[in-house]
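If you scroll down you'll find the structure; I have some questions about it.
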Amino acid sequence: MSDIPAPRHIPDRLDKPLSSAIFSWEALLVVVAVAIFAINSFASPYFLDAYSLSDLTFNFTEKGLIAFAMALLIISGEIDLSVAAIIALASTMMGMAVQAGADTPVLVAIGILVGLGCGAFNGLLVTRLGLPSIVVTIGTMSLFRGIAFIILGDQAYKGYPESFAFFGQGYVWWVVSFELVLFLIAAVVYWFLLHRTSFGRRVFAIGNNPVAAQFSGVRVGRIKFILFCLTGLMAGIASVLITSRLGSTRPSIAQGYELEVITMVVLGGVSILGGSGSIVGVVLAAFIMGLVTFGLGLLNVPGIVMSIFIGLLLIVVIALPIVWRRLRGNS
Amino acid sequence: MTLSGVSKSFPGVRALHNVSLSLYPGEVTALIGENGAGKSTLVKIMTGIYQPDAGTISIDGQAVTLPSAHAAFGHGVTAIHQETVLFDDLSVAENIFLGHAPRTRFGTIDWRMMRKNAREVLDTMHAGHIDADARLKDLGIANKHLVAVARAMSIDAQIVIMDEPTAALSMKEIEELFLLIEFLKEEGKAILFISHKFDEIYRIADRYTVFRDGEMVGEGLIRDAGQSQIVRMMVGRSVDHIFPQRKAEIGAPVLSVSGLSHPTEFNDIGFELHKGEILGFYGLVGAGRSEVMQAISGITRTSGGTITLEGKVIAPKSAADSIEAGIVYVPEERGKQGVVIGLPIFQNVSLPSLKRTSKSGLLRLSEEFALARSYTERLDLRASSLSQDVGTLSGGNQQKIVIAKWLATAPKVIILDEPTKGIDIGSKAAVHGFMAELVAQGLSVIMVSSELPEILGMSDRVVVMREGLVAAIYDNKGLDAETLVRTAAGIAA
Amino acid sequence: ENVKIALVVKSLGNGFFDAANKGAEEAAKELGDVDIIYTGPTKATAEAQIEVVNSLIAQKVNAIAISANDADALVPVLKKAMERGITVISWDSGVAKEGRQLHLNPSDTGLIGETIIKLAADYLPEGGEVAILSASSTATNQNAWIDAAKKILPEKFPKIKLVATVYGDDDSAKSTDEAKGLLKSYPNLKAIIAPTTVGVVAAAQVVTDANLIGKVNVTGLALPSEFKKFIDNGSSQAVALWNPIDLGYSAVYLAHDLAVKKEEAKPGATLSIGRVGKVTLDDSNSAAMAPPFQFDKTNIEKFSKIY
Amino acid sequence: MKAFLKYREIWLAAAIIVLIGLISTRFPGFAEPGNLAQVFNDTSILMILALGQMVVILTRSIDLSMASNLCFTGMVVAMLNAAHPAIPIPLLIVIALAVGLVLGAINGLLVWRLNIPSIVVTLGTLTIYRGATFVLSGGAWVNADKMSPEFIGFQRAALLGIPVLSWIAILVIALFFVLMTRTALGRSIYAIGVNPTASVYAGIDVGRTKFIVFCISGMIGGLSGYLWISRYVIASVEVANGYELNIIAACVIGGISIAGGIGSVGGAVLGALFLGIISNALPVINISPFWQMAISGSAIILAVVLNARGERQKGRIILRKAEAA
């Protein structure tokens, strides 16, 4: 028996070379963000101004809030294209409540609950009937907004109470808006949830291999359902913010937000195929998108031209590490 | 075909280093090596799926490059790969001819011709019972394998490579496969045969080549080499694969199953498992053993019957329920059901035990590492760190992760479905030794296996299943292989 | 230091607004000390316009003159602009009273409502069925005109029967589908009234394609340069519009005078708009520029060269 | 598989007939041949686009940039026509195909060479192509007035009593039918969707096939660009904004599995027709336009539910008695 070697010791981690930290996705995003910040400061004299920077955050906070939940959902291998439609429906319901004389707390509750309900509806269709989420939510996207159109038609709801305006227009301290504070709190909460809890671990496991996760005792259906509910919930919260910021509701509210949210998530380094991603990346991506749109806005570049930059950014940032690796591999 | 000086590295892993290999017409060469020795990597290089970092490949004395699978076809190289690589939703004929379908004058696909040729190929292989128009997913697993072979034949290949072709087959199908290999030999084809089963190698191979850690360590004629000699080359030490001696302390029944039924897969399954017992489940592939085990562990829904664990009736509705109750199922399909590729080793191991390694929902990494370390080291895992992605491990090492992760849940009953499928002889001994240790500690084990020696060597009792029913339950005292095979196949003694 | 005036439009690329920009530049030249920022979203939504306004606030422009995509949704951000000392007026498509200092209507709302019906009625002495193809269901100005038209219909045009109002969202494809639907569902339809420059072109093209020239008359509000073809081919007898160049000119003129504190916006005030004349503010601080102007075979040639 | 697919298409065709029947009860003229031919004509562009999207989806990819490609190419040909009315229409169509091909090839190269998931690539080019339209045109629209009569008239000309647009759709359908059932490329497309790994082992160049597929969808986008602009006689940045989702919806209703490998030309055509009929019928049967969105959303969900029912595998049957039953 003497020739049987003792069990090999397997180290927990290999010391990662410094280069892997330097070339991580988040590091890349930080560089991009700093670069854009610098360019903005040079390009426009108005950029470095407390009020400008504060206004800038409004360009991403609402979408960013949804992006956190969407990141988890995409990591788990699903997607929700109906978030913008959920915003419209939740906003419409809040509008109806206003007509019925509801006050601010009730309105907020309605917005959030409608969001949650829509999310649960998506979740049920996907997990109970085993349908692909991308098609289900293309369907519910039309359905939810369609209901808003049926209810509102060519009308608008307005007359939201004064106190309701705080959520989308209020400032907590100096130029720090309520929306920004909420965004930062949500970032911390979602970071914790994804990276520090067993729930988050299970989300990663599901995204990488749902069958193996199920065999390992992960309640795949339940977790996906919760993620759809969370996404709906965040859309509901975003609906409260947007409705408060606009002070009115039209069925066409937040049109096209879903693709911007997904762009944010993907730019943040979340794999669209599921299984990997980080909240830090999403936060950075939100800031980057805000910086780009606001910076170009200061130069009066039309929104559609900005979107070229966002599209290029998305592809370039994703392609860069691949090209880099290839170049290094060849040399 | 001759390969010389071939090397291949993956990020962080040197899979092959300066290896050489020659194949001869009309001969079967066996490629032998531990898990992760680099066998499948070599196959992928020979079939144009991977490109070697260095080295040359020559066919009939001429140097060739194989930039794609298509190019390899062109040179008459074809392979039956370790993972099944066929198209479930396409017909048998399409599966055989995809990529080289007969064309009409207009360059469009000639469907009639394709079906006809498919039938001819299947006939020459004595597989005429397979319908060329059937959809592949409606075939049994053995027939699927035959289709893979037919595909190899249809290319008129000179070189046929088989990477663990018998791992998913039972005795009967293995015999058929061997007949086919004989037939190919007579046709003058050069065959590379990869297997971890020595009985097969001795039956079918003419030559052998042994790999260890990505290097070639020996080759020669099979008839000149003894098994222990080859094993020594392979592992670098001698391994006596003797099934562990156990003093069976069989206790009271732990798990009893009665009348367990499913609308289409199995009916009226009943057996008892005692404390400290290893209960073998034998049957032909497709007999429904896995289905029954998945039902017991809550993954498949049943239509009736009761499961009693330690006197309490349980009705698990998911794997989570059964793990909580103390029954764990180690699945057979490693890649699909076992490991979570993309997550590091320690996270794979702790996944079913997250409740224990976390505290009110918060992860505790040190606990996870400790858990992962204790189990992987006992199974002699070969890995550079516990944070390595399981996807970069060889098949056999992945299998060790699979076993480790469910053992780590500290169960009362553990169900192992083909636990040694595709793992090398050294690790196999380790797994068997480990099983013996488990039962000695008072655990109860159900072991589903299609390998007779394993069943006979390890089990205290054997349940034989046939077509979704329990055919017989035997006490493993003086039980012989013949009885088991006959019962499983439904042939009267 | 020049006065920076932002002319914010519903969406860029629309010929109507490009013409308004011409007028704005003209006013800037005339006033001498004015820089014009011509901007707007490409998609006509309130959210996109809010982002534009936010960036204008950051640039510390002196005045914003906006044609709004939504009367209510823009109010908070425009209020913020006013709090930061920026003069805000709306023109063409207005915002609610709290969100601006004054609103310049291209014309009197009631008058426009009457005109669009009259354009159809003039060619239907016997009366008959007509339908309205509007822009988006949320467009402030269109809705106001349609309301006015509906009000005036029973008293002034009893023989005209309004059978449907549909919305083409200022999207040519959707407008086309809706116009086709109208022709199918109302075989006796005599006229389609489209008080939007996109919808009117789509409707005229549909009528042309369906070989209904002479049977169904298309009318509404149209830019002569875009619409000449359909007056020529007979699918439309006449359309109306105000002069967008004058509108842009007037908006900048007013914004400038308020920004430099030359004038003050309060009910009843009479303000000068340079070469276009004078306007008087009503109770809600809105004013109408000029009556709509009608184009038909006799004059379309001339105006199609101008805007 | 064949029998099964046929079943799905027959089922969808039946649903369409029932739908037409229902509409006819409220609007008798709807089922008349003349009207149906017109509905077909109205749906032609969607059918063509759905076919282009279908080949992409079959390979487990997706092309979200088709509508933007349409917008860009449409603007190119419209501006060309406005500037040089003498360019003959067939040449313009070739130009449209070529421009579309280039845009599709850009998608395809990124997917092939850099291995970026197609949804990410086309999410990016979705905005880039539309933005490029703005840059190209300087934001200005090209109106009916600037287009030549031939440009507008070509697709409206009748050939054997049927407009050229319908003929183009029929031709495209026929081409795709041959491609998908009679060519090696067609089989490779299915094989990649069914099992990409196995395709590599079978000697199919998966990357290159995906590239080709994106070139096809690009050309389709380009062709549709001309058809769309000359149909709606206005070229602007907002043309077909958001239409990518309608195209995908048509495919989904047509039974094309988003997971790849399952779907047919007939399915895509019927799926597009289904949507076309709904949007055609709502205005005629006097349902408020505000209902349209909710109805088509429900139709999509219903279609997915039913398709999933059909796709659900029966599984192997081990028990003899169950097999007999």
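First chain written, first letter: the chains are A, B, C and D, and each begins at residue 1.
The criterion applied here is as follows: contacts are C-beta pairs under 8 Å (C-beta built on N, C-alpha and C of every residue); 3 or more make two chains touch, one makes a residue touch a chain.
The structure presented is a predicted model; accordingly, all values stated were derived computationally and were not measured.
Of all chains, B has its CA centroid at the greatest distance from the CA centroid of chain D. Chain A and chain B have Cα centroids separated by 42 Å.
Mean C-alpha positions place chain A and chain D at a centre distance of 30 Å.
The centroid of the Cα atoms in chain B and the matching centroid in chain D are 43 Å apart. Distance between chain centres (mean CA atoms), chain A to chain C: 37 Å.
Residues of chain C in contact with two or more other chains: 12, 42-43, 137, 167. Residue positions of chain D touching 2 or more other chains: 134, 139, 237, 290. Contact of a single residue of chain B with at least two other chains is seen at no position.
Listed by chain label, the pairs that touch are A-B, A-C, A-D, B-D, C-D. Against chain D, the residues of chain B that register as touching in their complex are 47, 49, 68-70, 72-73, 79, 81, 83-91, 94, 98-101, 103, 107-109, 135, 137, 140, 151, 262-267, 286-288, 291, 467-469. In the complex of the two chains, the chain A residues touching chain C come out as 44, 46-47, 49, 51-52, 55-56, 58-59, 153-154, 156, 158, 165, 168-169, 242, 245-248, 250-256, 293-294, 297-298, 300, 302-304.
Of all residues in chain B, only 237-238, 299, 318-320, 322-324, 329, 331, 336-343, 346-347, 351-352, 354-355, 357-358, 361-363, 369, 373, 376-378, 380-388, 405-406, 409 touch chain A in the complex they form.
On chain D, the positions that touch chain C within their shared complex are 27, 29, 35, 42, 134, 137, 139-141, 143-145, 156, 228, 231-234, 236-241, 279-280, 282-286, 289-290. Those residues of chain D that touch chain B in the shared complex are 1, 178, 181-184, 186-188, 190-191, 194-195, 197-205, 261-262, 313, 315-323.
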